[in-house]
Amino acid sequence: MDKYLERLKNGTLKLYALEKEVPALEAIRIRRAFIEEEAGVQLPKLGSFTMDPSNAVKRNIENMVGAVQVPVGVAGPLKVKGEYADGTFYVPLATTEGALVASVNRGCGAITRAGGADVRILRNGMTRAPVFSTRDVLHAREVKDFVDGNREKLVAAAAETTSHGELTGAMTFVTGTTVHVRLEFDTKDAMGMNMVTIASERIANLIEEETGARLVALSGNLCTDKKPAAVNGILGRGKTVVAGVALSTDLVSEVFKTGAADLAEVN
Amino acid sequence: MDKYLERLKNGTLKLYALEKEVPALEAIRIRRAFIEEEAGVQLPKLGSFTMDPSNAVKRNIENMVGAVQVPVGVAGPLKVKGEYADGTFYVPLATTEGALVASVNRGCGAITRAGGADVRILRNGMTRAPVFSTRDVLHAREVKDFVDGNREKLVAAAAETTSHGELTGAMTFVTGTTVHVRLEFDTKDAMGMNMVTIASERIANLIEEETGARLVALSGNLCTDKKPAAVNGILGRGKTVVAGVALSTDLVSEVFKTGAADLAEVN
Amino acid sequence: MDKYLERLKNGTLKLYALEKEVPALEAIRIRRAFIEEEAGVQLPKLGSFTMDPSNAVKRNIENMVGAVQVPVGVAGPLKVKGEYADGTFYVPLATTEGALVASVNRGCGAITRAGGADVRILRNGMTRAPVFSTRDVLHAREVKDFVDGNREKLVAAAAETTSHGELTGAMTFVTGTTVHVRLEFDTKDAMGMNMVTIASERIANLIEEETGARLVALSGNLCTDKKPAAVNGILGRGKTVVAGVALSTDLVSEVFKTGAADLAEVN
Amino acid sequence: MDKYLERLKNGTLKLYALEKEVPALEAIRIRRAFIEEEAGVQLPKLGSFTMDPSNAVKRNIENMVGAVQVPVGVAGPLKVKGEYADGTFYVPLATTEGALVASVNRGCGAITRAGGADVRILRNGMTRAPVFSTRDVLHAREVKDFVDGNREKLVAAAAETTSHGELTGAMTFVTGTTVHVRLEFDTKDAMGMNMVTIASERIANLIEEETGARLVALSGNLCTDKKPAAVNGILGRGKTVVAGVALSTDLVSEVFKTGAADLAEVN
């Protein structure tokens, strides 16, 4: 332990390189000791965990020093009448916001007592939107025409990289000499962001080769990942699902201790 | 154990009531066993945790069945030159998104090598926006006039409920006969949402008494909590902070393996 | 004249009914005289016009009392290199905002001296979006499926009402039990709003008959007419046109008396 | 006439310079003749107008070639119960959209029969928002502090340029090293955009002198003029007015031939 701390301090060992020399658990212990010393704090809770870090340090986290534990509660039973999920379920919720599970639980109760919620998937498309730079307006139009007129080439390019995802849409947005191409994929049961990114890169290369446009960024901010965006609200992203249940006035007053009209007004 | 499972199944014991009969850890164990049986699954990892659940089940979670563990990595050192935080820091990040910590770490390195980031707090205001219903347009205007002309009464009402938070702003938005009052508080070091909610309720009651308007909801969706909203982008919510650092062209190429002009174009 | 004024005052003649009794010009004169008396003003300029009102009172205006005259200036010559418009044009502008024509004129000069603007039409679609009410989520999904799977029936329904416009797209947006169907038409050279509205009504009736959904409004605010809307920015409405010209740095300084870098910063 | 046309064609006379040589009406006539020849069209209606162009060519239009005439209809009587406007009014509408005046007229009838509309002005503020560039985040904060802490200096600077308008607000928005200052003025009965622009320039110069910030543009797009913008929706711009009327169910069915519930659903 001490010799590693010494090397971390004199800079001959990098924090991220610890896993190359010692097993994951030991690397985490040394790194935490170093941070505790540097920051002048003790982090015993961070160091007390039961998860096995050996996979995590390879795929999910860098410079790991421990783990936080988030309590999980269940809401339910919740009756769902969907095409895929059809039955009664318990819903796990990881949170530290008091009353959240209780509140969701009350909603589950109302839905289940009303006979369950109808659920339908309306659209299923994960997106990535590479952005291209073109010489002029005419060139931008050529890129748009290529994308609009060669769907099967784009589908084939995507298929070279994945057998699970499938290109289902390609929409172009031209602003001046900049062309965004919003690619949409059916990713089956997977969230599929990585699959979609790799397939999009292949398609982007094809567009570059065939049109001479220059790829500026693979993710041109029209995707749009992890941000709320008007484009997603309108075109959808990921799975677009609609769910509905009819609650009787009696049920509303009994479960929520309030009137249906009051609920509507607040809404 | 078995007798509790029996009572859960025949409905004579409610899931949420377990903590009233047995200690927290035991309640969690029974509840998890019940869910495992109902759902036909085994949840050993959810049940293996080291946190002490006795406080959590009182304040942070209901129907607790276990805990998830999220790995924590550190990025840093990060040099910050702020009015409050001034020095070199390590930044903990709990995530399972591979490459995120490494990427933040690279950014920390660039900022620190450039001499650190200047940081200033520009605005500090936590908000809650009760919404009122009025008789007609004239009444709506009266409510607005009361709020605009009696700031000291509102400040005093808030002060009755808290010695930490302080009302610093009250802005009215009238649409037809509906009046939103966006209250803004300085909550010092606290996030302060609860403090603000209690103080806002007292103010809302004062407005009801003095104007005859009817409180429709304490949180009228102009606050706006946990949702991105144009109103927050413009007026700010919580602490509005600006941070800046000047990166030399050399530093950009060295750390990010790309040119500054390319970075600007993508942006 | 006097007897009509008398009848307007005692309510035995309605303002809008004047055209039934006297020619258009006379009706306008009497109506203006009535308004002048009621409002206690003189409106000689409103009454002095050279346009022929006989068609206008039938198709463009009700209760006509006169006309306003807006001065028209020209900017140009403007060189355009488009697929349809290809040549040098003068652009008429009706305005009373001083410096507007001069400013547009300066822009035309810069574009023309730079060799003209490339112009391309990227999309041509006029829209109307009827909104339907359905029984529940399953019914909403059925309506969506009908629209998605019966494009040729929708095209045929539209074709019954017009030989000029053509249905080119139908996009459904489901929110709960409400279904918006955004219909898009190629209206050739016409703006085509009326043609589109009539065709949309026929399509809406077809959807009602085939699915049992109830038409709530023919124009469901997703069209979106005469209002700026995110949906139009993303999906386009009417003709989506892109135009571009490359201005040399010298030309920018000469025409606009400013540097290209300054222009970029302000932008 | 012919000699001027000759000079326009050979470039020795500029289109905009005609008013320097001949009276306004004559300049308009010559210019229109030139355009008719260049474009190969006849524009007799554009040339037939009764307005006096001598003031217009100085203040409202450049390169004038004629005028368009837009028919004006009246809707009313409309009963208004406001603080300023209190009585019965006729509303003139210049339009060529058939049925618009009739439709507004029907609304006026319903409002008047219901006893008139209550109207109140809630806010009166015309805005201009100069944008400044600063050295770094600390400098940006200084500019913000100067604006926040020296309201009376800003008011005084504005007062040097106008005796009608009055600075009533100054709000800063910092993004990185860019500082927008949204200035708000009470412009009394005037729309006041010019007055506000001149006063804002004086204030902007004061900010430059006192803080060393550099004015990038007097109108930094947060004003926001002639565009719909979130910032105006939230903070208001110009006069913010609320109007209301209570329509009985009977009145709605009688005037609009529809039920109140249907109206609410469409809305």
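Note that the chains are named A, B, C and D in the order they appear, and that numbering of residues resets to 1 at the start of each chain.
We adopt the following convention: a residue touches a chain if its C-beta (ideal position, glycine included) is under 8 Å from a C-beta of that chain, and two chains touch if they have at least 3 such contacts.
Given the structure is predicted, the values throughout are model-derived calculations rather than measurements.
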Other chains in touch with both subunit A and subunit C: none
Maximum centroid distance from subunit A, chain identifier (CA atoms): D
Chain centre separation (subunit C, subunit D; CA means) in Å: 20
Euclidean distance of C-alpha centroids - subunit B vs subunit C, Å: 45
Sequence positions of subunit B contacting 2 or more other chains: none
Inter-chain touch pairs (all): A-B, A-C, B-D, C-D
For the subunit B and subunit D complex, residues of the former touching the latter: 118-120, 122, 136-138, 140-141, 144, 173-177, 230-231, 233-235, 242-244, 246
Touching residues on subunit D, where the partner in the complex is subunit C: 15-16, 31, 35, 38-39, 45-46, 48-51, 53, 56-57, 59-75, 77, 89-90, 92, 94-99, 101-102, 105, 133, 216-217, 227-228, 265-266
